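Shared chain: chain A. Partners: chain B in the first complex, chain C in the second.
And now, the complex of A and B:
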């Protein structure tokens, strides 16, 4: 097989794979992955790109995290919101190489609650962001990390 | 990839626990032998349905721990209802799990 044909076939295969992937994702997922927010290296950029900038501090966000995490590769985080009309909870770790970790949208009866295990690069606040009634709210808890879980 | 799920209902609130097998590579780790970065490979979209109706939509970055575990709650669910979870990673691999809600 000559090089041009090989390149063409390779390109076609990629195009087909991408197209079918897009179609499948389009069918299964209403949401699109927010690349700008998740690849942002600074907290401010990540918050802005994900629509959580300028959040008001709130006492109605409950956060359960360990005070000390001996293994930054596995930090349990539990968050719930009692703010009326909560539609989303997002988790950020201020000093991770990519501070945005996850966002959960609650639909059709899902409670504004999430528990998930995250990675933390170093000691930092775990920042919980909430969207409710078109506004954004925040609360955070410090977690001391004794062995980071991102590089290696 | 294996996905293990458990769902129990207490009153009318179901608690769903999901455990997935996935490396969740950050792209920041170096291969000790070659010295090259191991490419990022992580689940980035997750949805859950209750009897086919969407209840949870999630976006994840590389900061979700390896072999992701998460737990969520649904009001208005009852024993026998079906919870399905669908996930996709950044290399377009798709993962599915389903469980019937058990009485607590």
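And now, the complex of A and C:
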């Protein structure tokens, strides 16, 4: 790839990721900013406030995260849902100061796929929550955040 | 031959002095050909070296007496040490192979059987294998450009040239990256161009996930297309400084690997091999989850495993090998490929005994040329060691203890940390510790020493973190190094527990470590950018010159809980 184009695209991608992180994208679709959910300090409260509590475990949620984060400040998370009628995907991480990280809403026909980078405070599960057909589903993967060094 | 008893004793003494075997008939008879007479088999042969850590000359290398496996890894290869390993593979105690594969009777066996490895000896052995196995490929699993003074001082050039002369066909990497991304790119794009394929399916650009190197290469071996896929060390930016490769991301990348295997098969590959720097535990897990790989030829964890482990998976089975370290071994995998697929195989991990193999003249000349400008510096005698010095093992080795003792004394620290590297050669009692030996333990591109005030709870946090990198129940969450070497603080390590609860009873100078008090802790090899400090080799060489004689070290080993019946501890 052309170096100038690469630099330009890199900047664009970071901008998009930041925007989705604070849900400006969501707001464009006229959604309410759920302050209680995003500022909750405990996972349970965040799940409850955002309507993702009591989710059923699902194998139809695909998550791609690193086993060990190369950089806790920039952990790549990719998720998709093959549950029919998926309307939203949200990301939570148990040990972050605010466990609810992001929520993405999908309008009619939009493919429920997200790819973002999140910040993680320490080793914890990354929980992907899905709303579909008025029900909630979940799957999670552990991501290890380590001080590093001392290898091999 | 007629000789009297006195002449015979003189001959024995001479033989001993020159490192020749005394109680080994084969060595005295000089029938090296017999030892290395490995019948050819099949139609596709792969020769494998890994983790030589830039050891161009023959060395001593003591295998570990502690290499603990837990959970599914318990009492299984590669977590078998000493007599357990001998028994599992039917190796005779006291034999040449027992010396190569275990720590048992190391001092006397080393005197009997001599040094191992060396590129000139390896070159002769490679040529011999290639003569009986036309078309065979030579694979280098990486950790080749780091581990010696000359590799550090030439930015790996000595090893790049040695690898080319040895006839390496395909390579992947780990410590190579600590020379910096630009240096690796330069070698791959210039020195290696058209000669050695550097492959790594799991390295991508951090922005768009574009490939950095080729995922794989297909080579024709006796008319059979053979794919070699590269798997670089997945946790390079975690275990080593991330700033060395700021624009690259690594990881295990199972999905992409499966896709790569499928691509290779679609392109006609009849044999698919993963040249891996994952470490053996990671490879064993991977082999059960990714299908279509005939063999994973692995390294990183420095396990000299005599035979492959066969792992079943939904697509069939995958052989997993690990070929040791420091130039000690050459892995030889012979496949019999029939009707487009692997029908049968033979494997042998050949120890490289320097005094059984004539050094290759061309390689000897290259090594001499590389060393010439540095010979004075390398040969400086810093001190004489009275005890055996070695590094490898899950917890402190004697050379690490020496480094810790030097750090604490020179820096005026109450405690010290030294990384749990698995490279570093061994020295026999009575040997002079040269600058070269010291560099064998310390030659890295981030050698700064530090003196830091840490609270007791920070110290515990670091130890828990590293301990989990070694003993996490999930191999994918291990990094393949050993436990951080700890000086000044005694502790217990409970292997029945999980992260945060393993390290207990921490004591310093007979007192329990206070979580809130600050302690002066010395260390080296910081992974953060911009750290300044005297290089570790300056600190330790000054200490050694001052001491002149190094008494046997008293190892600061933790009391281990949960290792009863574990065959990974002698």
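In this text, the second predicted complex is superposed on the first by the 116 of 152 C-alpha atoms of A that agree within 3 Å, B and C clash if a C-alpha of one lies under 4 Å from a C-alpha of the other, contacts with A are read in each partner's own complex, and residues count from 1 in each chain.
Just so we're on the same page, a residue touches a chain if its C-beta (ideal position, glycine included) is under 8 Å from a C-beta of that chain, and two chains touch if they have at least 3 such contacts.
Please read these numbers as outputs of a predicted model, since none were measured by experiment.
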Which partner reaches more residues of chain A (counting touched residues only), chain B or chain C: B
Contacts of A:64 with chain B and chain C, given as first, second, both or neither: second
Which of chain B and chain C A:101 touches, first, second, both or neither: first
Partner chain(s) touched by A:147 [first = chain B, second = chain C, both, neither]: second
First (chain B), second (chain C), both or neither touched by A:123: second
Chain A residues contacted in one complex by chain B, in the other by chain C: 149-152
In the complex with chain A, residue positions of chain B that touch it: 13, 24, 26, 28-30, 44-45, 47-48, 50, 53-66, 68-77, 86, 88, 90, 92, 94
Residue numbers on chain A that touch chain C, as the complex places them: 1, 6, 9-10, 13, 64, 66-71, 76, 123, 142, 144, 146-152
Contacting residues of chain C [partner chain A, same complex]: 143, 174-175, 207-208, 210, 233-235, 237-240, 242, 249-252, 255, 279, 300-301, 419-422, 461-462, 465-466, 468-469, 472, 474, 476-477, 479-481, 484, 499, 525-527
Complex interface listing, chain A residues touching chain B: 17, 21, 24-25, 28-31, 33-34, 38-39, 73-75, 78, 91, 93, 96-111, 113-120, 149-152
